[in-house]
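Look at the two complexes coming up: subunit A is in both, with subunit B in one and subunit C in the other.
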Partner chain A sequence: MVERRPLLDVLSHAVLILGVLVVAFPLYLTFVASTHTADAIVQAPMPLLPGTHLTENYSAAWYGTGGGNGSKAPVGQMMLVSLISALIITLGKIAISLLSAFAIVYFRFPFRMFFFWAIFITLMLPVEVRILPTYKVVSDLGMLNSYAGLTVPLIASATATFLFRQFFLTVPEELVEAARMDGAGPMRFFKDVLVPLSKTSIAALFVIQFIYGWNQYLWPLLVTTNENMYPVVIGIKRMISGGDAQTEWNVVMATALLAMIPPALVVMLMQKWFVKGLVDTEK
Partner chain B sequence: MEKRVVFRSAWLPWVLIAPQVAVIGVFFFWPAGQALLQSVQQSDAFGTSVEWVGLENFRNLWNDATYLASFYTTALFSTLVAVLGIGLSLILAVFADRIVKGAMVYKTLLIWPYAVAPAVAGVLWLFMFAPSVGVVSFWLRALGVDWNHLLNGRHAMTLVIMAAVWKQISYNFLFFLAGLQSIPKSLIEAAAIDGARPWRRFWTIVFPLLSPTTFFLLVINIVYAFFDTFGIIDAVTQGGPGKETAILVYKVYYDGFKAMDLGGSAAQSVVLMVIVVVLTVVQFRFVEKKVNY
Partner chain C sequence: MAAIQIRNVVKRYGTGKTANQVIHGVDADIGDGEFVVIVGPSGCGKSTLLRMVAGLEEISSGDISIGGRIVNDLEPSERDIAMVFQNYALYPHMSVFDNMAYGLKIAKVPLADIKTRVDKAARILELGPFLARKPRELSGGQRQRVAMGRAIVRQPQVFLFDEPLSNLDAKLRAQTRLEIQKLHRELGITSLFVTHDQVEAMTLAQRMIVMNAGVMEQFGTPEEVYTRPATTFVASFIGSPPMNLLRNAPDAKAGTIVGVRPEHLDITDSGWGLRVEAVEMLGAERLVHGLWSHGAGDELVTIRTEESHAVPALGATIFVRPRPDRMHLFDAASGKRL
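Up next, the complex of A and B:
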């Protein structure tokens, strides 16, 4: 701060508090709705203070025992699907990107730059621009309604490969020389020197990619038709498909809150890595 | 930049790079090639007959009023999402940057929407504005606005824009805050000594120095509005009422999976690919970047 301006300080806090309130209002309303009965919510206007039906709504959501017209897949199962696929996507992306960046930086082989650019170009081919043909490939491979179908097509990562390549390029050459002099082969060097050095980048990528994996929507919408394989984000959408009045909003909102908790926790608890991950992957 | 010291092996690098290359080959390049191929073909819904039609699919798109309308919808949607999202988060970031005490608390409370899935964000906003049960729609009715996004296209567009902006504010906020914190304090102090008041300092020093960040965010937000808002649209309006909120990505999905128009959908995919290529080139060509590829 350059100079004292008490009035401006008050204004700053006021604007920020207003911002926080507006940003948090949908979340608050979600919480309130998840503590009332379905009937209480349909009475317009719905109550704005928390009610007393918290536990039954959450257990109805978790075990899939709610009423209503929409889908009633148990949220516990869907959260498990989300968690498993988010973890496979995250760890898979990190693993194959580490390996390919290692190959590109520490070896000389024919078509090295060709592969590098091929990986780069995938940045320009998001799922959305090749929906139908990718769906066809996955269905031809018999991967519909499986974890493989949910995750493998999303596992390639140009951004992670670049991030690791950039980082490897800054690793001092002396380390390679020292490792070679001590008789370490390439994989030994990778395992004992490079991977430990990359810990920070790995943590940052973990946060970003976990959220990416957890929040996938379009792709699971295409490749899953079986309720047992719905990720929770899809499950919520299916619950509201019954229409405005028939929807059991209390259960839907409990589900929405449950679905937000894991990625929100990752962002808030790993805030430092999250910010680093955002800045690194985009620059 | 290249390494001087490298390992020597005839087979190891191939093994290391194989998983990534296999995934991008099977799930990226092959389907993208198929999309290019199908865009110049016409086949029936069961794929039993395929006919070579050249650029006819593209000509049909060009003559299709709903497709042109979807272009207009997308342009309106992405412009408003980008401008509103950037503007609001800039205001928040500028004030957060001034504050010494409690800055971390505000930051934590503002960044969590980033973690919310677009489809879930859509459901949250849908719940607030649902014509029969929503709280906000009830308040609006009390104010004399007959809110119904199921019938009124403008209301539907407003709703998806609000949900999309809400989700993206945290991202923009973090980048603006980082940008503000990298502006040298000495510049601001010099201006203050010369008698420039905060308002003037913002427009003559801070805002111009932030312009690389702003431009970068503009590109990122347009990409976001084009591609990552599919979940919001699908959860809130399904492109309706009519086709009022059917952005290009939603139309590709709808025409391909619901209307089963393979050639038309493929041609739309190719158009989208061109848009992504242009945006990516703009991003790497003009945005100041620290890395050199």
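Up next, the complex of A and C:
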């Protein structure tokens, strides 16, 4: 629909600009706050223009040398923990979902539909619902404060299994038969045909699950008590000291901005693949 | 190269009372190097029969042997066969070369051999310039040739074709038909070809199997099938327009059906009197549909005349006479040829 109506143009632009401002202003404030001293930020009104302490605040955050009363874990270390756990969660989810979808779609085994529905039902049980038993299991297995504890309970994914199942169902039956004619066994077919065909779906899932893994809050809050194992999201929380103690908001804000960079990078670099994976089926 | 024996093969889906039998005991002997076409309407079981030979469907009872070896329980890849699918079933993410080489790679054929075999197949099929391309960068006809190439490189004993031409346009189909014939002459590999198109069946087949509702109605050369159809089904399925089947022709015995093809009826001055109902112009020839009202009832009769012949007026009465040596007689109850 191509229409030339100046008033509509103005209106739609106004709405869009307003939307951008609503999203961008808090980000801008975070940035401004990360460039001032802690004293300057707590003044009312808070400064709205960038200050001159940018490098000090960021190096304080990165090396954990801030002077507040909260946790002083270095951001570099925390980001590494976040990165490793987000990657384990993402790759683990993709690997397990691919395999379980493969089993459900291509194999006829007893109780197939039972397992299918069992996976389906776990959609209704997010981490928060099963958090107590899961915590008990993880702590009994001695996995607190470890990468295994941070990632394993989050790896199973009904959503990803479903996405792959739906994709596998669209792969033509003749392709399976052609592979059988060529003498490819099930795992060979999986490796040589299904996985390469699913690569756009895998890329889309990678983006979604990486952000999911990076942004985990409640679970890491429970299973990590050691500063060395804090993911960055928990790090930010621990930097905010309770009660009347002074919080170094400038360093907290610097940390928050740093923590936003990797997911933003993943989205920007994989945007093309991400969109392709959601809209396009290459067959 | 190998002969194929099909012995009393039955296919049913499900078990017990709910079992749905789709193939009712087919027997056929296909000679070494022969090109046999299985033809029939949709749902007659022709693809199921082919897929049982391929090993993609289980055989409910009976035996299929290829080259003297019963293959009932062998995996498709162990039967020494190659199949061309209707939708080509090329691996979309592999290049043309990899598509053709995949089966050989799995069979652990040395790389140098794979290359010579693929290159040879590519030369036969004129696919040389496309070896590095992906299937989506090819036209329908080229994809079809890649699918055939994939079958050729395996150097199988039997080729199976499952309606490989039905996704091509008319011109390409005629051309590919000739290519398949040429290929068969050059390689001499036993071939089974499934189609619902009688022109394909007639032109390609050395012998053809006509199937209907899971039963093999006739197995013979195209000439036999055309000149001596074994049943009324074959008579009406092969030949276009179909044979006129007169259920109550006045001078025939009771309980018989008289068959005569539209091209074997000549317009004369006396004989069967038809009232002209419709005339269709096909180019080189013309179809005249007429109603023959005789004492025992009405019959709709189609005649094929040359385009140069005078056009009969609608509603006029014309007289036709069948060529006596070209008449067929069938039993009305069983539909079998008498």
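Criterion: the second predicted complex is superposed on the first by the 261 of 283 C-alpha atoms of A that agree within 3 Å, B and C clash if a C-alpha of one lies under 4 Å from a C-alpha of the other, contacts with A are read in each partner's own complex, and residues count from 1 in each chain.
As a working rule, a contact is a pair of C-beta atoms (placed from the backbone, for glycine too) under 8 Å apart; a residue touches a chain by one contact, two chains touch by 3 or more.
In this text, all values refer to a predicted model and were calculated from it rather than measured experimentally.
Enquirer: Following the overlay on subunit A, give me a clash-or-fit verdict for subunit B and subunit C.
Expert: Taken together on subunit A, subunit C would fit alongside subunit B, as the superposition shows.
Enquirer: Check whether A:L197 is in contact with subunit B, with subunit C, with both or with neither, and answer first, second, both or neither.
Expert: second
Enquirer: With both complexes overlaid on chain A, does A:Q166 touch subunit B (first), subunit C (second), both or neither?
Expert: The answer is first: A:Q166 touches subunit B but not subunit C.
Enquirer: State whether A:P6 touches subunit B only (first), subunit C only (second), both chains, or neither.
Expert: So A:P6 meets neither subunit B nor subunit C here.
Enquirer: Identify the partner contact of A:E177: answer first if only subunit B is touched, second if only subunit C is, both if each is, neither if none is.
Expert: Once the two structures are laid over each other on A, A:E177 reaches both partners.
Enquirer: Examine A:T134 and indicate which partner it touches, taking first as subunit B and second as subunit C; both and neither are also allowed.
Expert: first
Enquirer: Can you tell me whether subunit B or subunit C touches more residues on subunit A?
Expert: B
Enquirer: After superposition on the shared chain, which partner residues are touched by A:I240: those of subunit B (first), subunit C (second), both, or neither?
Expert: The answer is first: A:I240 touches subunit B but not subunit C.
Enquirer: Classify the contacts of A:R188 with the two partner chains as first (subunit B alone), second (subunit C alone), both, or neither.
Expert: Only subunit C; A:R188 stays clear of subunit B.
Enquirer: Just how close are subunit B and subunit C at their nearest CA atoms in the overlay, in Å?
Expert: 7
Enquirer: Identify the overlap between the subunit B-contacting and the subunit C-contacting residues of subunit A.
Expert: 177, 180, 282-283
Enquirer: In the complex, go through subunit A and note every residue touching subunit C.
Expert: Contact set of subunit A toward subunit C: 172, 174-175, 177-184, 188, 192-193, 196-197, 282-283.
Enquirer: Going by the contact rule at the top, pick out the subunit C residues touching subunit A in the complex.
Expert: Counting only subunit C, the residues touching subunit A are 54-56, 75-78, 81-83, 85-93, 102-103, 106-107, 136, 150.
Enquirer: Show me the residue ranges of subunit B that touch subunit A in the complex, using the header's touch definition.
Expert: 1, 3-10, 12-14, 16-17, 19-21, 23-24, 26-35, 38, 88, 91-92, 95-96, 98-100, 102, 106-121, 123-128, 130-135, 138-139, 150, 166, 169-171, 174-175, 178, 185, 188-189, 192, 198, 216, 220, 227, 230-231, 234-235, 249, 252-253, 256-257, 262, 265-266, 269, 272-273, 276-277, 280, 289-291, 293
Enquirer: Show which residues of subunit A lie in contact with subunit B when the two form their complex.
Expert: 1-3, 5, 8-9, 11-13, 15-16, 19-20, 23-27, 29-30, 33, 41-42, 44-46, 48, 95-97, 99-100, 102-109, 112, 115, 118-120, 122-126, 128-134, 136-138, 152-153, 155-156, 161-162, 166, 169, 173, 176-177, 180, 185-187, 189, 211, 214-215, 217-218, 221-222, 233-234, 236-237, 240, 244-245, 249, 252-253, 256, 259-260, 263-264, 266-268, 271, 274-275, 278-279, 282-283
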